[in-house]
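Here come two complexes built around chain A, the first alongside chain B, the second alongside chain C.
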Partner chain A sequence: MARDILLAGVILAGFLGLEFTGLGSSGLLDFAIRFAIFGLLAMSLNLLIGTTGLVSFGHAAYFGMGAYSFGLLMQSGGWSIPAAIAVAILATALLALVVGALCVRLSEIYFAFLTLAFQMLLHSLILSWIGLTGGDQGLMGGIPKPAFWGIELAKPAHLAGFGMFCLLLSVVLLRQIIRSPFGAALRMLRDNPDRAGFLGLSVYRYRLAAFVIAGAFAGLSGVLMSLYVSGAFPTFAFWTTSGEAIFMIMLGGIQVFLGPLVGTAIFLLLNDWITALTEHHGLFMGTILLIITLGLRKGLLDFVMEWRAARRRAAP
Partner chain B sequence: MSFTLPRRAALAGAAAITGFPRLGFTQPRQPIKVGVPTILSGRVAQLGISSRNAMQIEVDRFNAEGGLDGRPIELVVRDSRGTPAEAARLAREMISSEGCEFLLDAEASSGGFAVHEVVRETGTLTLHVNSETSSLTADPRQRFWNAFRVARQGIHDSIAGGDYASKVARARNLRRWMTVAPDYAYGRDTTAEFVEYLKHFHSEVQVVGDTWPRLFQPDYTENITRLSQGRPQAIYSCLWAGDLVTFVEQASLFGLFANSAFFAVNMADYTTLQQIRNLPRGVHSGNRYLKNFPNVPGNLDFATEYNRRFNTFPTNWSWQSATAVRLLGKAMRDAGGTTPRAVAAKLAGMRIASPFGADGHVTMRAEDQTLVGYAIGWGVTIPADPFVENMQPSNWADIFRLEAEWKRNKGWN
Partner chain C sequence: MSGGLLELRQLRKNFGGVVATNDVSLRFEPGTLSAIIGPNGAGKTTLFHLITGKLPVSGGEVLLDGSAITGLDRTEIVRRGIGRAFQVANLFPSFVVRDALAAALMAHAGRTASLARSFPPRDVAERADEVMELCGLAHLAGTESRHLSHGDQKLLDIALALALDPKVLLLDEPTAGMGPDERWRMIERVHGLWLARGLTLVFIEHDMDIVFKISQSVRVLRYGAVLAEGTPDEIRRNPAVIEAYLGEEHAL
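For the complex of A and B:
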């Protein structure tokens, strides 16, 4: 763990150093903020897909819940940002607990579609509860960002640094979770739930715990998103957001821990380049994703790791 | 014999060789970059494209007239796909990475609000071109010095629509009304406001039922059945674009309009009028964009030029976009530069001659930084060009009076 923390600290210091030395650009800041948001969303989802073997189509519900609960708290006044973040994460975890309690008994397609149904339920609730959420126009009026501990999140550089800190902290925590006995149990559930059950593990409780943890981290990414756009919008909780997170994981790799982060970077870079170069975003994005998916047949990091393993085996 | 190379010549030669050919010569004036986040894909793409096209016509005109002391405007247009988060990202990127000095936000309402929040932080002078949600500028909490709206507003349309519909209702004794509107904030708010003002002008009107199809619903059978069962004398709708086209075509098959007068605030836009296969005669519609309303040469010239360049006709988003460029260009010239505060100060209260104005002018009202005085009117459809006839212009004095009351009731004064 000490090594992970050290590595995360070095990366964060390197990123912040870019700003102090003037090497950072506003484009880099924008990218860093979005990379932190979507990287965290993809990493959290991969705890379910890659580690636990539960393919959730409804992960954006927790992303949206985090964004809306944080935004509403900050707009109500009297909340500091750290306190609002903590409550937003707790609220999201609670939602994940309720939804998870009903979903994790199922598996495969039934689990996937039930999570999707709950997500669409939340999306409909956001659209129809106009007095609270602003309906389809979203949470308007801006989100106050009072300074705390010398951090002013209204400044893009501070927000980027804070976003990277949240991402790296979450990555370290997720890695510890996956490497712990709890993580080993989740992998066992993924590979053979019947066997895990015979060994005395409560499949239901372990899956529920993973579901809640993943939801809580997705809630944090939603908080960062609401800070980034100074609002919250129904699309945050729409199935397309879940779909994008799944795409990021598939692009980067499911089996390798950092695969979703690589996928996030590829997805965002592709999105930005295509948007800047052409008006036919969907056509080009779809074609490129199709080529990558059909060409590699797995995520990029999965492909690289398998290729390296094959070379090692082939070596005399 | 000695040969001495003059220092300037040497420098110029070195510059030419080393790839800095402009060193020592006059640099061309830097363009004024204007960011345009809009919707260029999906079901609303036609409108986003029409916004961009109209801006390009006006920007070309501004540049041909010499720009701002030689500085041309350069539009940086990006597709948000109608996603608020992407609109916010693009706005940030345009400001921070692409060096845009101004934004012409050509998003629909939800994306517009996302951009609004970004520029509230960055202090970038922004003209919202397409957001019709009244609260964007009417609600004082949404107001700040660098955001302006150059678009029609829901409340203006509702007052104008209520006034016109009440006159028709009195003349034809239409008392039983029903409504059909898309089931989201715009649909519900606009319908409620229309009904409020219809009853304000004609208290004997009764709304006996309503139906709320989903946005982008493909089949309206259940809504048409509900309307038929209610036997209304008149139906109001704020369905728009493809949804309105589909509804009208399906309702025509059921003969709905044979028994009920139909009032569709969003019908009179060429994207809608030209897409309906058999446009029914006698549908009452508010103007979105019509080349013959206002019936002035400037408006017809705009439509003709647009049609010549893009082989189609302008939309409501087009006239708003063209007006935004005209206002911004004039404000920059009046301010003598691009300093945001100076340009904003010139914009507030600015009145310009416009072919889209009710009296040949439009005004950027200073108190809430929103466009007023644009042409609003209602008429009835005919199956062929010009598609809408007997346009009745609305009275802006009534609109101002009732809008002020509406704001007072909301506590927004």
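For the complex of A and C:
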């Protein structure tokens, strides 16, 4: 754990140092920050889908909530970035607590659709509360980025480094959560909620806790997004954003811990290449996703790990 | 933990107009090994559902060591000391055997709220190892539950119940779906557990050779009511049981 945090620090320092070396091409930095944002979103969603067995279609609500609450705090003036991040994550966790309390009692398809419904509710609220959110124009006017601890997020290299730092820190925390007794309880709920309840676990409380934790990490991802685009837009909380996060997880694999990150990288690279090649972007993207999903029947890392496990069993 | 006294008093269960359990009164003495037999639909599994709180009773009482557990939450009933294994193994497919047992132990002890420690903590892993040893699963400690053979899955199911230190253990057809050899291995294992732990063991079984070989007493259910009870020899001589269920093949 200490080693991982050190590594995160080194990465941050590395990106901070990029501006002095002149190596930081803008394309790479741009990719790094987007990878951090969507990787974190996908990893947080996979705590629900892969670990707890709860398929949420409304995860973008917390992405949007993190982005808007952070953006609004910074625009209101007087907030330092770390304080605003902490409050934005807290606000997002609170939203996840309220929504989760109503949703996690339901199972499977009902759960999925209720989370989707709450997300669309938030989306409509953002659109119609123009005085606060700017409606469909989004949060305009830019987000001030005062320097803190020697980090200036207005510089792309610093922003990319900070994003990667947040991603790595979150990945370490999520890994600890999954490996802890609490994580074991979540996996029991995924495998067999009936027997887990029989053994004395409160299915409701543990699902709710997972929902809130996943929401909080998605909130942090939303914060990074609003820093990246220097604003916040209603699409952050639209169902397509939830759908993209689910796609990333499906591409990379849900059973292997780092699967969602692999999926995020594939998704972003595909997206960039296809956008550069053709204007019929959705058509090609959809076809490729369809081929991968139907061809492998599982995410890439899941496929590789199962293939290796099968080979090990075959040749003792 | 030693065996508990399980008493059923005038236990009743109606499903609409159908009486699935009809005023059943039974007494299972501490540390005894008893079989419940009866034709399909006699209400054997329903009886287990009522004892464990999986189904609410329509009337009557269940007592463990003299205190009523009727109507308690099924988790609380487990805490009081009634364990149960299922007819179809009811497992955590992605858990390796040791982790499944450790997770069951921690869930039961209310120790799963911790985020900071690693799973499984050493003391829990050691207790899981003891249970595996007892059940003959030690060589499979690192195998995922879904990759176990049918017999080993049933064994793990029993081990999960046993991990919680029950005073009374209910086994619903521990040998269901097994071939003859595997069946006997299983029942010897169960018999050994009973000897080692001294708990009160009640099992539902269709194989009469097994029932008459190992059980101390036998209860026969038919149409949800108790048709007869007694030692294996008494049951094999009972004309009503022979006519209703056993046939001449197993009669003395």
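Here is the rule we go by: the second predicted complex is superposed on the first by the 291 of 316 C-alpha atoms of A that agree within 3 Å, B and C clash if a C-alpha of one lies under 4 Å from a C-alpha of the other, contacts with A are read in each partner's own complex, and residues count from 1 in each chain.
Heads up, the rule we're going with is that contacts are C-beta pairs under 8 Å (C-beta built on N, C-alpha and C of every residue); 3 or more make two chains touch, one makes a residue touch a chain.
Quick caveat: nothing in here was measured; it's all calculated off a predicted structure.
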Which superposed partner A:F233 touches (first chain B, second chain C, both, neither): first
Partner, of chain C and chain B, that touches more residues belonging to chain A: B
First (chain B), second (chain C), both or neither touched by A:S180: second
Chain B versus chain C as contact partner of A:G138, first or second or both or neither: first
Partner chain(s) touched by A:A310 [first = chain B, second = chain C, both, neither]: neither
Which superposed partner A:G200 touches (first chain B, second chain C, both, neither): second
First, second, both or neither for A:L90, with chain B first and chain C second: neither
Which of chain B and chain C A:N192 touches, first, second, both or neither: second
Doubly contacted residues of chain A, that is, touched by chain B and again by chain C: none
Residues of chain A touching chain B in the complex: 25-27, 29-30, 34, 127, 130, 134-138, 140-143, 154, 156, 225, 228-231, 233, 235-236, 272, 275-276, 279-282
List of chain C residues in touch with chain A within their complex: 74-75, 78-79, 90-95, 99, 102-104, 106-108, 110-121, 160, 164
Interfacial residue positions of chain B with respect to chain A in the complex: 40-41, 77-79, 81, 83-85, 88-90, 92-93, 96-97, 109-110, 113-114, 116-118, 120-121, 133, 135, 141-142, 184-186, 188
Parts of chain A lying in touch with chain C, wherever the complex brings them together: 176-177, 179-185, 187-188, 190-192, 194-201, 206, 255
